[in-house]
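For clarity, chains are labelled A, B and C in written order, and residue numbers in each chain start from 1.
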Amino acid sequence: MPQGPGDSLLAVYDLCLERGGRELFRDLAFEVSPGQLLQVDGPNGAGKTSLLRILAGLSRYGFSGRVERRTPLLYLGHHPAVKALLTPRENLAWHVAGEAAYNDGQIEEALARVGLYGYEDVPSHALSAGQHRRVNLARLYLSHCPLWLLDEPFTAIDKGGVAELETLLVEHVGRGGAVVLTSHQVLRVACRVQVLSLTEGLLA
Amino acid sequence: MSAVAQAPGPARFCLVLLRRQLTLAVRRPIEIGNPLLFFAMVVALFPLGLGPAPDQLAGFAPGILWIIALLSNLLTSDTVFRSDFEDGSLEQLLLAPQPLFLSVLAYIGAHWLLTGLLLALVSPVFALMLNLSAPAVGVLVASLLLGTAVLSLVGGIGAALTVGLKRGGMLISLLILPFYMPVLIFGSAAVRNAVLGIPATPYLAIIAAMLCLAIALAPLAIAAGLRISVDA
Amino acid sequence: MWSFFHKLGSPPWLYRIAGTILRWLLPVTIVALCVGVTWGLLYTAPDFRQGNSYRIIYIHVPAAAVALAGYYVMAIAGAVSLIWKMKMADVAMKSCAPIGAALTFIALVTGSIWGKPTWGTWWVWDARITSMLILLFLYLGVVALYEAYDNKEAAGKACAVLTLVGMVNIPIIYKSVDWWYSLHQPASIKMTGDTTIDPSMLYPLLLMIASFYALFTCCLLMNMRAEILEREARTGWVKKLALGYRS
């Protein structure tokens, strides 16, 4: 399905990245359009995280090329951004990403979706690392951002959680959103997954 | 139903951040108490080092109190962004649609409320212990209220520039102590004037002017520093 | 104009042009320094109050003046690097800091040596000396911050922010130190303040100041060339250069 450049949520032109004198990728160019699920692939140290940080706008130098962000985006990085001294509810309600003001009902529903029903008002330091990641993933249920950039979203998540998350990604893509994620595991989803190889560019 | 329309406005977001920072601090009260305790202990060092003669201590009191306030502010500056950097909250803050300038002001405001304001409020006790004359105590509180706000803002610059470094603690003092000096000069001069019975308002006005300048410019430097630190 | 700006951003071009400038600026600087020193130390009359000890101004004053100017050069380079993301401005800024710190240190040491016969003590908390000391701290802070970062590009940006903060603060610091000094000391041991300087003493001083500026530029260019080579060590043109080709 060919699309004009105006429709895409994110466009990348001639991206080259060099770290410590080693070229990680060069002349990377692609667009992310609504309904697209893009998996960034490559071995450890290939620059997957660096690419996602460049796409999100967190990395602002050290690379050449141009990234056009045409829509609000949600970025989940390696760190869960969950404060141990706050409860999951407070973590989401006062989140520093400043996305929207959610009411209690929305937050409870999102926490229930990630399997934290009953943990809403438990201090987060009593939760496990996997549960911290789940609190962070609850943001996906709340978010209205069309574009999601997820860096290794399945880390420390159990099998059931992975399946839930995969369903969520498909739903989001079906609603006209787009997802760019890095992961080493093969996605079992009921929609087309495009693979972006950092060495070879966009694969079918 | 676009996300932009739903995002809270900058002022509201600042209040959320302020509330978040204050809640975090209140849940670990020892962190609030530490600078005050530090203040009290260093006050006790001076009579031990300089001798207990009351009038001699009174002569040095404006400088002593100001230097200690400065040091306890310095020691806490390092922590303003550190835990947020370590758990990834900082990168989320940088991606927030609200202007970083104001978000940073909220962080610094919370830091000032927890250190500068409290220090200023307890300082009369230590002023009396060092025999500072009564009329000077009011000026001391006023100068600390204004001055520590400048210190928090300037300290935030150092914190932002060193937050990504493992060993930032000592470095931050190297970076920002020179910028603390004007505040120290005018802060202690205001208190000394009050001791001598000369009006101290000109000095307070100068500190207030510095505060205005710091509010206008420091958040720019802090925001730039945070972007660099998160990127490094 | 724009092509010149673009060229400035190109490491090999900057490396080459800096070499060309150095080739004539370095000899001129050395000659000017020699002439200035001989003129100042041997061919001027002794001061009627300070005798021969005043001659240290021929080192002290130029070092102090250029040290302060160096901070502004550094801050301007920092601003350019932040605004236009020019890597070579980073290099210039980074290279300024140790030179500026060294000049400030020279100014402090010579001031201290001068102070001994003049005031009878090695160190006086005089407004200018205190300001110079703070300037030294500012320079050292930049050097320390640069060294603390592993990622040198981030280090450059962080130092650029710090120098800009410093540039805003230097006038405030200087003014407040002046004020502080006038509060605490009656103007009894004022330095050269309102005394006038005889033209026969002034001309060698001006020559020395000019040659210190030239010396600063030489050191800066040499430092920048070294830094460019280090940063570009993996690129083709540096490898060629190292293998002895003339580019």
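To be clear about the criterion, contacts are C-beta pairs under 8 Å (C-beta built on N, C-alpha and C of every residue); 3 or more make two chains touch, one makes a residue touch a chain.
Keep in mind that what you see is a predicted model, and the values were worked out from it rather than measured.
Student: Of all the chains shown, whose C-alpha centre falls nearest the centre of every protein C-alpha atom combined?
Tutor: Central by C-alpha mean position: chain B.
Student: Sort out for me whether B-C or A-C is joined by the greater number of C-beta contact pairs.
Tutor: Looking at contacts between chains, B-C has the larger number.
Student: What is the chain whose Cα centroid lies farthest from the Cα centroid of chain C?
Tutor: It is A.
Student: In whole angstrom, what separates the CA-based centres of chain A and chain B?
Tutor: 36
Student: In whole angstrom, what separates the CA-based centres of chain A and chain C?
Tutor: So the centre of chain A lies 48 Å away from the centre of chain C.
Student: Roughly how far is chain B from chain C, centre to centre by C-alpha average, rounded to an integer in Å?
Tutor: Roughly 32 Å, centre to centre.
Student: Taking each residue of chain C in turn, which ones touch at least two of the other chains?
Tutor: Chain C, residues with two or more chain partners: 151, 157.
Student: Mark out which residues of chain B touch at least two other chains, giving numbers and ranges.
Tutor: Counting only residues that touch two or more other chains, chain B contributes 231.
Student: Specify, in ascending order, the residues of chain A that touch 2 or more different other chains.
Tutor: 61-62
Student: Within the complex, which stretch of chain A touches chain C?
Tutor: 21, 61-62
Student: Spell out the part of chain A that touches chain B in their complex, as residue ranges.
Tutor: 53, 56-62, 72-73, 75, 77-86, 90, 94-101, 143-146
Student: For chain B, which residues are in contact with chain A within the complex?
Tutor: On the chain B side, the touching residues are 1-4, 6-8, 12-13, 16-17, 19-20, 23-24, 27-28, 83-84, 86-98, 103, 227, 230-231.
Student: Under the touch definition given earlier, write down the residues of chain C that touch chain B in their complex.
Tutor: 82, 134, 137-138, 140-141, 144-145, 148-151, 154, 157-158, 161-162, 164-166, 168-169, 172-173, 175-177, 179-180, 183
Student: Where on chain C is chain A touching in the complex?
Tutor: 85, 151, 153, 157, 233-234
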